[in-house]
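Should a chain be cited, it is by its letter among A, B, C and D, assigned in written order, with residues numbered from 1 in that chain.
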Amino acid sequence: MNKNRLEAFSDGVIAIIITIMVLELKVPHEPTFAALSELAPVFLSYVLSFIYVGIYWNNHHHLWQMGKQVNGRILWANLHLLFWLSLLPFATAWSGETSFAELPMAAYGFVLWMAALAYFILVRAMISHHGKESALAVAIGNDFKGIVSLIGYTVAIIVAFFNPLISLGLYAAVAMHWFIPDRRIEKTIGR
Amino acid sequence: MNKNRLEAFSDGVIAIIITIMVLELKVPHEPTFAALSELAPVFLSYVLSFIYVGIYWNNHHHLWQMGKQVNGRILWANLHLLFWLSLLPFATAWSGETSFAELPMAAYGFVLWMAALAYFILVRAMISHHGKESALAVAIGNDFKGIVSLIGYTVAIIVAFFNPLISLGLYAAVAMHWFIPDRRIEKTIGR
Amino acid sequence: MNKNRLEAFSDGVIAIIITIMVLELKVPHEPTFAALSELAPVFLSYVLSFIYVGIYWNNHHHLWQMGKQVNGRILWANLHLLFWLSLLPFATAWSGETSFAELPMAAYGFVLWMAALAYFILVRAMISHHGKESALAVAIGNDFKGIVSLIGYTVAIIVAFFNPLISLGLYAAVAMHWFIPDRRIEKTIGR
Amino acid sequence: MNKNRLEAFSDGVIAIIITIMVLELKVPHEPTFAALSELAPVFLSYVLSFIYVGIYWNNHHHLWQMGKQVNGRILWANLHLLFWLSLLPFATAWSGETSFAELPMAAYGFVLWMAALAYFILVRAMISHHGKESALAVAIGNDFKGIVSLIGYTVAIIVAFFNPLISLGLYAAVAMHWFIPDRRIEKTIGR
């Protein structure tokens, strides 16, 4: 089974997810700075989510550089990841609309948590198919960055109920930490 | 004629279908659990339909692994399948909005019925083009799973008018039964 | 310059056009047959436009089987075609919303007219680039089918102001006449 | 690392951007010329933005003809460009909705300015990766056209606050000036 269609389909879904988020930037009827500045929280949440989806696309891209084959389990693990990413526009819009209220910020973290888990499951499914000695398994190694992210999201979800803006800062911090695509894989490819 | 564009176009349409369904999860204005829990039926119908579209994409992927050529009839049979899949977001949203009322649940089943029929017609068009002795025809064999699904949908449509929640359970059961991609083809490829 | 990206981009745009039309099927709040039957004209216009977009995708697919190269003029001729196709969802929704009123039906024909003209310009740009002796030019020959369509649209636009339902019938008739993909090209490829 | 997925993903995002803009053409309830003519400014802004997105797609296409490799920095420079392009539908709709009012026209120019800057950064990232002696670097040369555009946008943004229609004319003029795909690259490929 070949991986090209899986990549193409994932690209399509991710491209749509990243683009439909902008539809939440509702066009104001008034041509004024006041109308524009009301959109600030929605815009800010859009920027953050654009970066997150960009990170996922980048890492997905890097991951499949090393993936050679697909099986039924990998197909579904990939769809499972896309499912959680597809909820990001909702969580983004809810956070923006409510100017980063408690529950929406926790929900945002929950969606990120589940997407990270889904990514982890996908990586495991791919390693178990390609073998523990495969270039992929070696490149991934122990998923330190992934674990740090999960801790970050967990803290942010709890903090959201007390101070959602600190929570927002934590999501931004985790994003920064992922900004650079997965060096582990790049290093292995570069050899 | 080559199959790559047909696959790419189908991937595009299916990627959009699977993603626009999430737009029905209307962003609540209130940042409360009550507002979130009101979305439960819409969310549940989204999950079910995501799985169904995922199943179709998986099976389409498997089918075209074996398909080598395209002709005019196959092109239209494929578009016909995409047409019925494109109605799934509507049926999904209607079911969710009305909290699984009678008619919407029957309509949901009708769309699944027609999509299954369209898939069947596509398979026949491909077998008649590739020949009865082709790997494709051998791999498909007698379409037992497809027939079971049609029976399941038919029962679910009738039951919908009496107890739409049983009907919902039947749609979920058929989805479970398709969850694993078509072993018949996988086995033949594996040889 | 290679044609793959042009095909992929066109597929993406056409896939989106064909799918967003379904968003005009606004989900009714009532789970009743009455609510569903109110959607009949919108649904009917969706079916017709789905077939038209399908025809364009099929013919585009056939055309580019024979096209080998791309230049700046061909790129823009292709974008020009996509522009007019992108207006089809608007014309479709307007026709459906107004239950096939006079002006919307004429507007529908106008969009089809311009799309047909854009297709004609694209074909000319491709022939002038590939040469009058190219397989493409030979396969196209005199564009009888295209001319018949333009006459059909012209009549339908005029008739729309007197009896828009006859006009609808004419659009359906032209669609039927294009249903079968361009035999001229298929024959030449088959040789 | 290969460039195919980057191209495919960019194509997907650009295809969606160019298509969702048409959703701002809200379907009128009345089947009259009056209702249609009210849409004129929205339609005009759609045409202009369609051409701009088309120009970016064309230039992106030309640029990647010469690009051979991708690294993390190029991936993010490309996503950065897509981010600003994704704001064009918003700026377009705002301009159209307010019939080309002062602030929206300035915002439109700001988005174009940032997209042009993002394109410039992408080109620099690609040249620094491929080397100053690469065909890409030679083909780009001194980016005269890009500088002229930035000057045009800057003037248009300032003028927008005094006479937004002159500003609109300037955006149209810059678009005309980019209409023809980048001859510099075409010439180098043609050699």
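Definition applied: a contact is a pair of C-beta atoms (placed from the backbone, for glycine too) under 8 Å apart; a residue touches a chain by one contact, two chains touch by 3 or more.
Only a predicted model underlies this, so the values are computations on that prediction, with no experimental measurement involved.
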item: Label of the chain whose CA centroid is most distant from the centroid of chain D; value: B
item: Cα superposition angle of chain C on its copy chain D, in degrees to the nearest 5; value: 90
item: Same-site or different-site touching of chain A by its copy chain B, using the half cut; value: different
item: Separation of chain A from chain D, taking each centre as the mean of its C-alpha atoms, in whole Å; value: 26
item: Multi-partner residues of chain D (each touching 2 or more other chains); value: 8, 12, 15-16, 20, 23
item: Complex contacts: residues of chain C adjacent to chain B; value: 7-8, 11-12, 14-16, 18-20, 22-23, 25, 27-33, 36, 47, 50, 54, 57-58, 61, 64-65, 179-181, 186, 189
item: Contact set on chain B toward chain C in their complex; value: 1-2, 5-6, 8-9, 12-13, 15-17, 20, 23-24, 71-72, 75-76, 79, 82-83, 86-87, 89-90, 93-94, 97-98, 101-104, 107
